[in-house]
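Two complexes are shown next, each including subunit A; its partner changes from subunit B in the first to subunit C in the second.
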Partner chain A sequence: METWEVFRRHGHREPFEHCGTVTASGPDMALLTAKECFLRRREGEHLWVVRRSDIHSFQDESMLEVGNDKDYRFNSGYRDVVQKRERAKERAKELASK
Partner chain B sequence: MSDSLVSLVTALGDDELVLGHRHSEWTGFAPHIEEDVAFSSIAQDEIGHAAALYSLVAKVTGDSADRIALGRDKSDYRNAILCERDNGDWAFTLARHWLYDHADELRLEALEGSAHEELAALATKIRREERYHLLHADTWLKRIAQGPVEGRKRLADGVMKAFGPSLALFEPFELEDEAVKEGWLPLPSGELRDRFVRFASEQLDALGLPTDIARHAEEGAEFVASSSGDLIAGDGAEMAQGGDEDGTGGRRGRRTADFDALWEDMTAMYRTNPGATW
Partner chain C sequence: MTYEEKLARFNAHIEAGGKVEAEDWMPDDYRNGVLKFIEMHANSEIMGAIPEREQVPRAPSLKRKMSLTAKVQDEVGHAQLLYRVAEDLGKSRDAMFSDLVNGKSKFHNVFHYPTKHWGDVAIIGWLIDGAALVTQAALLDSSYAPYTRVLKRICSEEQLHLRHGEDITLELSSGTESQRAMFQDALTRWWLPIIHFFGPRTNVEKDLLLRWKVKTRTNEDLRQEFLDRYVPKVLELGYRIPAPVPFHDEASGHWLIRDEDIDWAPLEAIKRNEGPETARRLGLRKTIYDTHRWVREALAEPAIHAA
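Now for the complex of A and B:
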């Protein structure tokens, strides 16, 4: 018996989302039980099962940390742009009135 | 005219109700939690099919579906005996589930051509749910047939025990001739049984699982599908455990001790509170 990760999607254009796991001896048995465990109340319209051992990730989660000096990758890094633009407008008005 | 319709549909409903009840006894006890949910769903489906069939009968006779399901005496049920047998182990349950649902599939396929429009439409509706039952039964049967050894052996024992009695699912019901003449049942049970024997023995042979047909073949008897019913019936006494075990008589109201316990349990609430609704 192996662990299978179950994914389902709600609509044709929606992404598949993880919804749980089942224990089963193969993909056919996994699908068979996943249908009744995760799709019995019309929670979605399609189902995937993926053998957990086929899912790969980083051994060291700290690899996924983002450094502190990456302000430019975040919206918050551009908070002062609005103020800068307002100041530039003021300045333009001043110059025009001269 | 309507008597033969009532006889036909009541027998179908009784199969579904009684086997559905047996399946439901696995709830909480199935081999693992995921299967517990899956098999319980199947049990609910079968009881749902019984409710729909009884509602059709109730409309014709002015009765209520609950009364038909739970308010009858033991001797009034017309299910095949296979359906009432104790669950035994999981392997027997699977063997019976596989045999029953494939037999039911052939029966429902025929009923889609029934002259009774409502029954034909109901057969179509039921078949939609049966697709999952068939997938479930096929997947399990193939999986366990592949081993390990103990599972395979238990499954083979289960098939041996259930195969003969499964043919009695096609034992003619009361007033069948009339029902066939009226077109309620487009094909007589004997014809359906021949189709079933052909299908089941091919499938089971392919998995290396035993059937009585296979045993006859080993003994050198030539198996002719169209006459298989006679072959089986003729050798019934020798089959499996013999005697009672050919599983016939259910359609005429013969009940076994297994049924007594099931009926006591299944109808307890209704008998305590007649006419209760839930």
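Now for the complex of A and C:
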């Protein structure tokens, strides 16, 4: 018996999402078991099973951290747009009246 | 089931708002049309990184240099996401790269123009990304589902790029007269290409992609949304919009441009790959592709662990 990771998709807008695991002897049994466990109430219409041993991840999750000096990658890095817009409009008026 | 029956079932599925996945049956015209459309989008992302890349060394501060570099990285990333989706429709990435540099496939008109200074970065980041966001958001409901799923990610990053572009615009606009003149100069050069960006009026009868709901709105409808959203913002900052000049229609509340005021000749030249920067940019793309061959080869090797 092996462990299988189960992914399901509801509709077409969202990607497949992990929803749980099952134990089974092969892909066909894994799909059948996953269907019984995870699609019992029409939680999705599309199902994948992947052998757990075929999944790879980082051993050291600190590898995934984003440097904290990169605020330009986030909306929060541009929070003061309203004040800046007002300042630019003021400047336009000031030059127009000159 | 005969081809005609399959086609009828496909059309009914689309008509009812159904979505299509890569592994589903689809008519060849649908497959080829979607492939060409997504390939053109991918080409535009990768070619669109070049004009901004040209301005990275001219960034006025380290912070601006870092943020513009990050944006270029995002755009190239969009190209990779889109080429991946296109590949699943049956064309290899190598074939797409080679068609691009050999002028056999297209990329968006705005990336065929030169950049002159930092004012161009403001225009590209604010108005061109703004225009792109209007067109891409309209595709979020496209009938080709794998495209809509990557577009979600792309649109959220474009939203950030728009803030980045507006931030640069507002900084220049609050600055000295010569800083404001830079923005005005860039606006004057870019306005017509931005109007062209949406394309000529859609021929609703003939447009297969529209009928199959790959595209959801007409070119003129998207251009109108852009004008209504951005013309007031540009004017309130005190800039002058060149020809084709939009005017406010009191009755409808829209900012309109007359069809006859748009000179389409420059867009026609670009369609023949005869834009001002077409040859040079494609040459650069080819040079980058060739000189990076060793990187692709190294990545294709199985990992070798250091002892």
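List of remarks:
Throughout what follows, the second predicted complex is superposed on the first by the 95 of 98 C-alpha atoms of A that agree within 3 Å, B and C clash if a C-alpha of one lies under 4 Å from a C-alpha of the other, contacts with A are read in each partner's own complex, and residues count from 1 in each chain.
As a working rule, a contact is a pair of C-beta atoms (placed from the backbone, for glycine too) under 8 Å apart; a residue touches a chain by one contact, two chains touch by 3 or more.
Given the structure is predicted, the values throughout are model-derived calculations rather than measurements.
Steric overlap between subunit B and subunit C is absent once the structures are superposed on subunit A; the two fit side by side. In the superposition on chain A, contact is made by A:Phe74 with subunit C only, not with subunit B.
In the superposition on chain A, A:Leu95 contacts subunit C only, with no contact to subunit B. Of the two partner chains placed by the overlay, neither subunit B nor subunit C lies in contact with A:His56.
In the superposition on chain A, A:Lys84 makes contact with subunit C only, not with subunit B. Between the C-alpha centres of subunit B and subunit C, as seen from that of subunit A in the superposed arrangement, lies an angle of 120 degrees, given as a multiple of 10.
Contacts of A:Lys35 after superposition: subunit B is touched, whereas subunit C is not reached.
Here subunit B and subunit C are compared by how many residues of subunit A each touches, and C touches more. No C-alpha atom of subunit B lies closer than 21 Å to any C-alpha atom of subunit C in the overlay. When both complexes are aligned on chain A by C-alpha atoms, no subunit A residue touches subunit B in the first and subunit C in the second. Listed in rising order, the residues of subunit A touching subunit B in the complex are 1, 22-26, 28-29, 32-37, 40. Of all residues in subunit A, only 11-15, 70, 72-75, 77-78, 81, 84-85, 87-93, 95-96 touch subunit C in the complex they form.
Note for the complex: subunit B touches subunit A at residues 32, 34-35, 37-38, 41, 132, 135-136, 139-140, 143. Only residues 19, 21, 63, 66-67, 70, 145, 148-149, 152, 159-160, 163-164, 166-167, 169-171, 173-175, 177, 180, 236-238 of subunit C touch subunit A when the two sit together in their complex.
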